[in-house]
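Okay, so chain A shows up in both of these, paired with chain B first and chain C after.
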Partner chain A sequence: MEDMIFYDRLQFAFTITFHYIFPQLTMGLSLIIVYFKWKYLRSKIEKYNDAAKFFMKIFAVNFTMGVVTGIPMEFQFGTNWANFSELTGGIIGQTLAMEGMFSFFLESSFLVLFIFGEKLMGQKLHFLTGFLVFLGSWASGWFILATNAWMQHPVGYEILDNGKYILNNFSAIFANPWLIPAFLHNQMASVVTSSFVVASIGAFYILREKNIEYGKLFLKTGVVFGIISSLLVAFPTGDWNAKNVAKHQPPSFAAMEGIFKTEDAGAEIVLIGQPNMVEKKIDNKIAVPNVLSFLTYQNWNTQIPGMDQFKKEDLPDNIPALYYSYHIMVGLGTIFIALMALSLFFLWRKKLYHIKFLLWTIMFMVPFPYIANLTGWYVAELGRQPYLVYGLLRTSEGISPTVSSGNTLFTLLGFVGLYMLLGLLFLVLVGKTIHQGPKPQTH
Partner chain B sequence: MEIFWFIIIAIVLAVFFILDGYDFGAGIIHLFFAKTEKDREVIAKSAGLFWDSNEVWLVAGGGMLFMAFPSFYASVFSGFYLPLIIVLWLIIFRAIGLEFRSKFHYQMWKDIWDKAFGISSLLLALFFGIALGNVVRGVNLGGLENGVYAYEKHFFFLPLWDSSFSPLSVHPGVIDWFTIIIGLISVITLAIHGANWIILKTNSSINIKLKGVIFNLNIALLVLTVLSLAVWNMINSDSLNNFIERPYLIIFPVLYFTGLIGLFFIKRFKKEINGFIFSSLLIVGGITSSLASMFPVLLPSVNNSEDALTIYNTSTHEYGLSVAIGWGIVGFILLFVYVIIQKRMMSGKIDGMDYGHP
Partner chain C sequence: MTETLIALISIVIGIIGANFTGKRFAKFDLGFTGNTLAGVFGSIFLIKSIGRLGFDPVSVMRSGNVDILLLMINFMVSFIGGSAAVVFAKKIRIFMNKRR
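On to the complex of A and B.
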């Protein structure tokens, strides 16, 4: 039984982690492509259209990866989490079915037109198809976040005598107080990833002294989108989410902040340190007193319950992983703001394109927004433990009763092998596109 | 309300097999008949442009099944665990084959992804037929063994095969001689359908030859259909009851046989669309006849328990089903608009469209 839960969780964690490398770029990049296309429509300067088409090529490869790694996610609800699906399908089935209906059809129908139809349709319609692809991909995020928000903070449901959850208020699902902050935070974080990708390719072209005009355009665009989105990720959207966790999932809040002991008055904020689960304290701690209380409740002295206030079975089951995920996300988010602010300053002073060390930093920064996005999701998912539906349905109660751990390990190994291949192909193909550059090619 | 959603999902499933069916079929034809690089490229393109929007129908159908019949979704997806995950791997292989074959311009690269596309299309068509065969045959619900149930009565777990490979065994596996027959029917049907699609959408040099191929495949299909009908009633003894009680359901088998007979005249068709219409009838007729013969059962039990999974004992509550009809109508209207726009923009032969390097 323990084995079954472990492998089911591991397989889901692995497949969703790999999957979410791609949609975060899809969602953010579609916005930036629409921006380039819009600039082109306004200015008629070819450079913008070339930029839109260049990123469309990267987008297309990325989109394929997102689709093929996304289908297993929907399947896995049934294959590995059958009890969970059976009990809650009447509710989360709604949002997942709506995702297919309202977002995937939109995305897939217009993506093919956006990629192949420029000459066929003329520029205005081409812009419109790009905009619809953007709309579809963000709608997909909306429905997934609605599903997740229901699991984090269930609303609009009723539990029957046989344990099944049924919907009794459809609009409550979308009016969930968890949904809008989580959606905005997630979308802004995906724009951060895309801004860094765009800026990083720009920095690469400038440093390599190839396609320099495009390099400057990409870097400038990436930095402007990057500073706005990095700020919005932290404030107000990140702040809203933290307050939601503090309010609705206090044990998770204590665990992610690393508060083992409840203080008499205001709680300190732990900046650095390693959770010591034996002695129940943070080793090598650097902390600032009272700041956490202020950030959460705007009062330096509000008491925040530590982990000692909760029963073991209500605390997340992997506290160090949750703590590290949260601190990595927040730490990286802070670095992004600093780096983008610095870049923006030099952009304004018209020096950015010549500061080698900053260009190198931006270029090599590209994996980190991905890590920040993924650790952000780990915070949400590890923080929800030990529940699938917070406070109601435990993770151990959700697995498929008939699928043995041996079978899950077999399929997990298969996914690992296949996804390694996919990852390699993705890097080769994107690398090739970047190498070719945005100049219109004749072949 | 359950019946309404059952019909909706059946329609979505049928549309999925008509649409994605042609690109599976194109893969099968590609594997066996496309010899020159020009033909290979244009056939891969006739599938590559559309597979993504076609496969959304599967995702949408899966989502609706999840929403409307959660117990069925949970039971079937966990019970058919291994074949389903293998199907996922094949879907991934096929998609990357289609998307990536034109990314490098040397033959070896293209050959690799052509094979990935062709073989996974063939295996997927086989697996879809096998899946249908399993649903008709039923499974050992509750994992009954020596009078003891291993799981709750609506759960089960199927091995890939049982050493006897017989559908009549106490614990039939996923693959047995009956499901293989249905699998082969599926492969041939989709190959015919794919060939019709290639004739319709491309100017490939094998178009004329493909008409002969369709004719020959159709003979094989006729033989297999007769064979499957001969054993069908042995596998599922209730399969004729519905047609006797509700004679109007005969319309579904009639659709299938119209398609089957019509395709024998493939060489005389003036319009290329006609062949495609007849093979679509084959697909729709085949799926709907199977579902109609079982209704309201979704998955029969092969052990003595009476608890087959039906649309009534696996559905969610009334309120959820009716709310979903509301957004479903809006969704289908939007979808209809997209399909019209897409078909208008992409009508005609696709040979000239720029693929791979936009």
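On to the complex of A and C.
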């Protein structure tokens, strides 16, 4: 049984990690594309229009990869998590269906119109199609987050005699107090990823002395979007999310912050250290006293319950993974703010395009927002353990009882092979698009 | 769970079909990127639309083992879906780029 849960979780973790590489870029990039198109409509400077069309090509490749890698998850709900799907299908089936019916079709239809239809529609309608692509991609995030928010903090439900969950209040699922902070935090984080991608392509062109005008535009836009979104990820959205966890999932909050023992007064914030699960303490820690209490409750002396206050079976089952994911996310977020603030300073002083060290740093930073986004999701998912639906349905109760761990392992290996192929294809397609660069409009 | 793998392989076949058609019939070629993207959507669209006739991934695995005949039909339909999508996408592109 333990093996079955482990392999089911491993397979889902692998497929969803690979999948989330793509939507996190498309959601943020669609906003930047709309900005470029809007700038073009106002200024009639062609390079903004070229930039919008160039990034829509990168968007299209990412969107397509997101669709391909999303398909296995649709199957996995049924094959690996049959009990979970059967019991909660009446609720999560609705939001997931809405995601497919409204967001996916909106996004894909208008994506085709944006790519092919500029001449046919004229500029204002072309802008509108770009805006609808943006709306579709953010709506997609909204419905997925609504599903996840219900699993983190179930509301508006009723349990039937046969154990199945049904909605008794449709609007409650979208008014879930977990949803808005999680959605805003997630969307801002995806804008961070996109800003770094846009800025790094700009830095690449400047360093290669190729498409320099576009390079400067991309770098400037990426840095401005990057500093705003990096700050918004931390405050207020990140802060709001952490307070939600402290309020609704106190064992997870204690685990992610590394609080093993409850302090008499205010709780310290652990900046660095390694969880020692044998002695129940943080080794080699650097901590600041009382700060966690202040950040969470705006009071230096408010007590925060540590892990010693909860039953073992209610604590997350992999505390080190949760703790490290959270600290990696926060650490990277802090680095992003510092790097983007420094870049903005040199942009303001008109020196950014000439400081090679900074350009190289921006270019090579590209994987890190992806890592920060993924570890952020690990925090949400590891923190919810040992439950699938927090407080109601344990993970061990949601799996398919008839699927063997050997079968899951075999298909996992298959996924690894196929995803390597898809990953390679993705790199070739995006690499070709970046190599070709934006095409200036010819009249 | 093998259904999931079949679904993914089927998409890869669609990509191959689209690129084959693009290269074989140059007037429909959308370039490697365009052909690949069209292949993905063409393959998914056709399998999702008509796969329920009995050759979608779930039907291929219904007996508990892989039904080779149904699997071949699935891959063939996927190949055709990818190819048709390239032709369709090219026609849309030509239509939309006609100056009015």
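Annotations for the structure displayed:
The rule is short, and it goes like this: the second predicted complex is superposed on the first by the 438 of 443 C-alpha atoms of A that agree within 3 Å, B and C clash if a C-alpha of one lies under 4 Å from a C-alpha of the other, contacts with A are read in each partner's own complex, and residues count from 1 in each chain.
Criterion: contacts are C-beta pairs under 8 Å (C-beta built on N, C-alpha and C of every residue); 3 or more make two chains touch, one makes a residue touch a chain.
Keep in mind it's a predicted model, so treat the numbers as computed, not measured.
With the two structures aligned on chain A, chain B clashes with chain C. Of the two partner chains placed by the overlay, only chain B lies in contact with A:Asn83; chain C stays clear of it.
In the superposition on chain A, no contact is made by A:Ile5 with either chain B or chain C. When chain A is checked against chain B and against chain C, the one touching more of its residues turns out to be B.
Contact with neither chain B nor chain C is seen for A:Ala341 once the two complexes are overlaid on the shared chain. Legend: residue contacts after superposition of the two complexes on their common chain; A:Met98 is shown touching chain B, with no touch to chain C. When the two structures are aligned on the shared chain, A:Ala321 is found in touch with neither chain B nor chain C. Touch criterion met: A:Ser109 reaches chain B, while chain C stays clear of it.
Legend: residue contacts after superposition of the two complexes on their common chain; A:Val68 is shown touching both chain B and chain C. Only one segment of chain B in 94-102, 274-282 or 292-300 runs into chain C in the superposed model, and that segment is 94-102.
Residues 57, 60-61, 64, 67-68, 71-72, 75, 79-80, 108, 112, 116-117, 120, 403, 407, 411, 414, 418, 422, 425, 429, 432 of chain A are contacted both by chain B in one complex and by chain C in the other.
Taken in their complex, chain A has these residues touching chain B: 53, 56-57, 60-61, 64, 67-69, 71-72, 74-75, 77-80, 82-83, 85-94, 96-102, 104-106, 108-113, 115-118, 120-121, 160, 164, 166-168, 170, 400-404, 407, 410-411, 414, 418, 422, 425, 429, 432, 441, 443.
Only residues 57, 60-61, 64, 67-68, 71-72, 75-76, 79-80, 108, 112, 116-117, 119-120, 403, 407-408, 411, 414-415, 418, 421-422, 425, 428-429, 432-433 of chain A touch chain C when the two sit together in their complex.
Interface residues of chain C, counted against chain A in their complex, comprise 1-5, 7-9, 11-12, 15, 32-33, 36-37, 40-41, 44, 57, 92-93, 95-100.
For chain B in complex with chain A, the residues that touch the partner chain are 49-50, 52-53, 55-56, 58-60, 62-64, 66-71, 73-79, 81-82, 84-85, 88-89, 91-93, 95-96, 99-100, 103-104, 143, 150-152, 155-157, 316-317, 319-320, 323-324, 327-328, 331-332, 334-335, 338-339, 341-342, 345-346, 353-355, 357-358.
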